[in-house]
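Questions regarding the structure given below will be posed in turn.
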Amino acid sequence: MLVVMKAHATEEQVRGVCEKIERLGYRAHAMPGAQRTAIGITGNKGEVEQGTLEEMAGVQEVIKVSKPYKLVSRDLKEDNTVIRFAGTEATIGGTGLAIVAGPCAVESREQAFAVAERVHRAGAQFFRGGAYKPRTSPYSFQGLGEEGLRIMAEIRQQYGMKIITEAIDNESLDLVEEYADVIQIGARNMQNFSLLKRAGRAKKPVLLKRGMSATLEEFLMAAEYILSEGNYNVALCERGVRTFADHTRNTLDLSLIPAVQRLSHLPIFVDPSHGTGKRNKVTPLSRAAVAVGADGLMVEVHNKPDEAMSDGPQSLFPDQFDELMKQVRQIASVVGRTVPGIGLREKVGVSM
Amino acid sequence: MLVVMKAHATEEQVRGVCEKIERLGYRAHAMPGAQRTAIGITGNKGEVEQGTLEEMAGVQEVIKVSKPYKLVSRDLKEDNTVIRFAGTEATIGGTGLAIVAGPCAVESREQAFAVAERVHRAGAQFFRGGAYKPRTSPYSFQGLGEEGLRIMAEIRQQYGMKIITEAIDNESLDLVEEYADVIQIGARNMQNFSLLKRAGRAKKPVLLKRGMSATLEEFLMAAEYILSEGNYNVALCERGVRTFADHTRNTLDLSLIPAVQRLSHLPIFVDPSHGTGKRNKVTPLSRAAVAVGADGLMVEVHNKPDEAMSDGPQSLFPDQFDELMKQVRQIASVVGRTVPGIGLREKVGVSM
Amino acid sequence: MLVVMKAHATEEQVRGVCEKIERLGYRAHAMPGAQRTAIGITGNKGEVEQGTLEEMAGVQEVIKVSKPYKLVSRDLKEDNTVIRFAGTEATIGGTGLAIVAGPCAVESREQAFAVAERVHRAGAQFFRGGAYKPRTSPYSFQGLGEEGLRIMAEIRQQYGMKIITEAIDNESLDLVEEYADVIQIGARNMQNFSLLKRAGRAKKPVLLKRGMSATLEEFLMAAEYILSEGNYNVALCERGVRTFADHTRNTLDLSLIPAVQRLSHLPIFVDPSHGTGKRNKVTPLSRAAVAVGADGLMVEVHNKPDEAMSDGPQSLFPDQFDELMKQVRQIASVVGRTVPGIGLREKVGVSM
Amino acid sequence: MLVVMKAHATEEQVRGVCEKIERLGYRAHAMPGAQRTAIGITGNKGEVEQGTLEEMAGVQEVIKVSKPYKLVSRDLKEDNTVIRFAGTEATIGGTGLAIVAGPCAVESREQAFAVAERVHRAGAQFFRGGAYKPRTSPYSFQGLGEEGLRIMAEIRQQYGMKIITEAIDNESLDLVEEYADVIQIGARNMQNFSLLKRAGRAKKPVLLKRGMSATLEEFLMAAEYILSEGNYNVALCERGVRTFADHTRNTLDLSLIPAVQRLSHLPIFVDPSHGTGKRNKVTPLSRAAVAVGADGLMVEVHNKPDEAMSDGPQSLFPDQFDELMKQVRQIASVVGRTVPGIGLREKVGVSM
């Protein structure tokens, strides 16, 4: 159920409807938009008695939602969600393209800073690095844990980049929430519903990656878990799906971008590093991702890819990332997106 | 690394080698077999100095393991793992076929007992029922929680069937470990490594289901996570994978059974209910599963499938489960397996 | 459209309705069944005027068919199609299980006879061998062509086995129709509609293999192409589909067997050789195929698999085929199927 | 085997080596490049005696090719293949982007001309339209046949666009070769090796579409069939593969473009119409295809999509195609490609 408020409904009227909903035993989710505020109702089995709400002050109409997802739907919120961060102009989901770059895993202070310095200079506004690594083998490097988080906090301090890093269970999520700016939920945990609920109660935005064989609907429903707990700052990320094709590690499904944007107000990233698994495919697919309309890119960069403790073959050399940024900026300008940050100033010299 | 003890090595010699390994800073996993004991070494990055161990009393040879999985491998343990339970002759992995049956979710005491009575009478030695349900939608029925576990404990009391139920996070795993006989890890959590590690520290056997798009190697590595923490009582379960095919909910991959049995000593179940998603396919695919050599079946049965709160379309009516058991018994006898329990006595009257 | 005749309609009445249909400019396909004859109408765009036909002598009712396939549907023909051959009791689609065995390709007279002698002795009623091989590489062995067909005709002469071999274009189909007993259309040509139409005008039965990524509906529609041209003797064959799974060459989809049998009257084979691509998986999956209810098996056997010019790794040694036949006979007896031929006499000595 | 000639080898020397190869019983394929000519050798089982050739005048070296594909490989021909057409500057594979547009099927003279007029005006240099349609159902519209070809020949006459249309068997290929400029082999026939060989003997260029579940290697090997018969003017086309994903008709695999370009000298198109199956995804994916580096686009446009006899839901309205061309031109300019034709002049007015 969805309550659409009138264009000029007051804050008080919105609050009144929300309180009524909660008194009825449900949960109210107010989503302010440019034109109007809509209020999603969850926690109801079956239908809420429509009449009571329809008669309230400021209410325009009460709509039954037939899709399985509610809060992530454009039906509830027509305008794109834009995630903002204190102390930076960088956003996720606005006109600016959000660029996330960094190593697969934080391996040491030296390595992390070496990469951070270069991706920052190239224009990335977000730094990624794994402190908790979900590895196929129990005998592989599992990340530096809290030590890795501390290193990334220093990187934020030094370069002003916002930090995105993965949480793999409730314990690590507590720490990631404390140290980082965006909590990443990885592909393998896309349907770890217990973790999604915990992320829904976090105070930080969440970046949710698509599961390896998740349909569009399952992906949106996983996001719905987070929103249903009250955290509306969620960004999605396409990172390739598993198919028979063997020329890339995964098959990057770029058609998902316009498909998500049609159904949902949430921003969506593309991760061409996991999406292809091959260094020489990352830049062309980054261009394609921006051209198709993605709201951001998430790219693995390593100062010494050949010595990386994980995902070396798909990590770019810093020079390659510079080149990627140049190309991406030009594509971005064609599709009406900007790439803010240091890079923008540099752009003047680039021959277009 | 793998230390193979001599055929007549004493327990003391085995203990000596294990202690030596632990003193070197690694973890020792002794796996007694019919002919010999082998000791797996984990926790080593790179190679352990072979010489020290090779010279110890009772040691026959020290072998480098080239496969990524170690403890689940037949290289380490030639004999099939057989999981035994106090107070019943039912095993998982022995000559007897393990039959797990019950509703998708425990919905009420009445429903659970109604199903339990019927599947027990038909010969099932294990009762399944979900208390914690991983549901695609946050708004769907999520299970009765601890109340469901209590109902199942009563069922064990009454019928003697052992209880298998799913844990979805550390909290529910604590409770499942307390109430149930086998802890199930579902397909969606197959690479929830944090949960796998917790299950590896549990005192109860674990049933691990294959992820929706997991390769054989990823599946074995997920099991390796559990064994690497010291819990060697692990059974696997094929439950269909996601493909383009749309005549069934998933594509049941029966070739996985002989493939697992070649590489690993762990028993493997087939779940034809999730594997097909269609009631009318469950019995034929159960016959096929037993014919291909599966160690057990996991089947959803409901007293009123049309009113089931989840998975109704794939749940058998109790009468259909009776018929399934009859057919499965006959196939089992051809492949040298028995179906123990009440059913066995009944078998006398069945015309073969 | 489908005209259902009364139970006691005379042949003349059936003929009358068919002639009427043809006069209206359509094509009539009479399908006699145990209880009644039904007449399928094709060639109509949109609907046929029902009235005219409904009033004719012997007509019980005229039914609109909503499914895209008509002639292959059980709606038109309730009874299973049984394909019979002169001079042998072997059938495709009856109670007897049809066993097709032989090498991937006929490589020489010696090789073909060596294999034929063994598979015949083991109980196969059909001999398979490729004379025209669709090979991924233009530089691989493409088959002996007509010479291969002549060798197989000699094998029929000598052993009484019926010959099944693949046609890859109209030219080879002409020759296969002349020399062989069953025309095989391979997986790669499942949607070569031009070839399907030609096969539909052939005087010999057709074995149609499922395409590598064909849905059930596409598979049935491909068969419909053959029937729509007037050839109703069609058998289907599941041979594995392409998925992400890499432990077998293809993923054998046994759930297709009951799915086909529900919707269609056509018999269906399983090819566990292509379905798995691995010799050690062929026998377990053959057991499973018979247990699930397949009407026949198609198995690759070679006298010297290691020297085979194609598909060596999935070809059984003759001794392995003997063992397969023993096991399959026992499973067959459980599901109410017989394995006729020499093997049947041998069966007496087998301890069940 | 591959003979690399010296940079300044004369035509006579090249001819000499080719004649020698043919005298040895093999087939020689001379591939002139910007720097050097290389000569591929096919028809050899095993190795050709290297010595004889290495000593010939003009020969620099003789190389063994380890990849299964030879003639399509960049090892043989370093420079991109550029397909040229008499009477037009449009090329396939050059700096200019090749734009193919038109209806799925030619339904009538009026329809075809209506679409042709619009796509020509928008800048398409190639007109597509099916005269022979491979349809899933035998009862669906199968194309106008030769009448359709005649209509397209008139369109070429009137608008100067080159004609691309599909051949589905040897008979239709004869006619397509006569009437059209490029012979298309569809996805369903990608491994119809008999048809590929016939196309290899045709005098016109061939556009080969990727099969629905073809790996990169299988795709290149299918092209190799055509080249091995002497037709070196081959272009490839990615058109989506079959996966579990259900938000689009197929999953468009754009990573294939850089993958093909790395291994082969052949140009590669993208077909976003079949690749997505949804009108609203065609334009974003066209942008992405050009951004990733495709050599051309193949787009379905219909004057009345809602009345189309096939593929209506994925066909663009002419106005949408105008908009697509505008966007594509801008992306093209970023990746160093031009969109020649009428469109180019129009471009001046477009604000970039």
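Read from first to last, the chains carry the letters A, B, C and D; within each, the first residue is number 1.
Keep this in mind: a contact is a pair of C-beta atoms (placed from the backbone, for glycine too) under 8 Å apart; a residue touches a chain by one contact, two chains touch by 3 or more.
Since we're looking at a predicted model, the values are computed, not measured.
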| item | value |
| --- | --- |
| Starting at chain B, fewest touch steps before arriving at chain D | 1 |
| Joint neighbours of chain D and chain A, given as chain labels | B, C |
| Chain of greatest Cα-centre distance to chain D | B |
| Centre-to-centre distance between chain B and chain A (centres being mean Cα positions), rounded to whole Å | 36 |
| Inter-chain centre distance, chain A versus chain C - centres from mean C-alpha coordinates, in Å | 51 |
| Contacts with two or more other chains, residues of chain B listed in rising order | 213, 242-244 |
| Of all residues in chain D, those that touch chain A in their complex | 213, 215-216, 241, 243-248, 251-259, 262, 275-276, 280-281, 284-285, 287-293, 327, 330-331, 334-335, 352 |
| Residues of chain A that touch chain B when the two form their complex | 42-43, 45, 68-70, 134-139, 168-172, 188-189, 191-195, 197, 212-213, 217-218, 221, 224-225, 228, 242 |
| Footprint of chain A on chain C - complex, ascending | 242-244 |
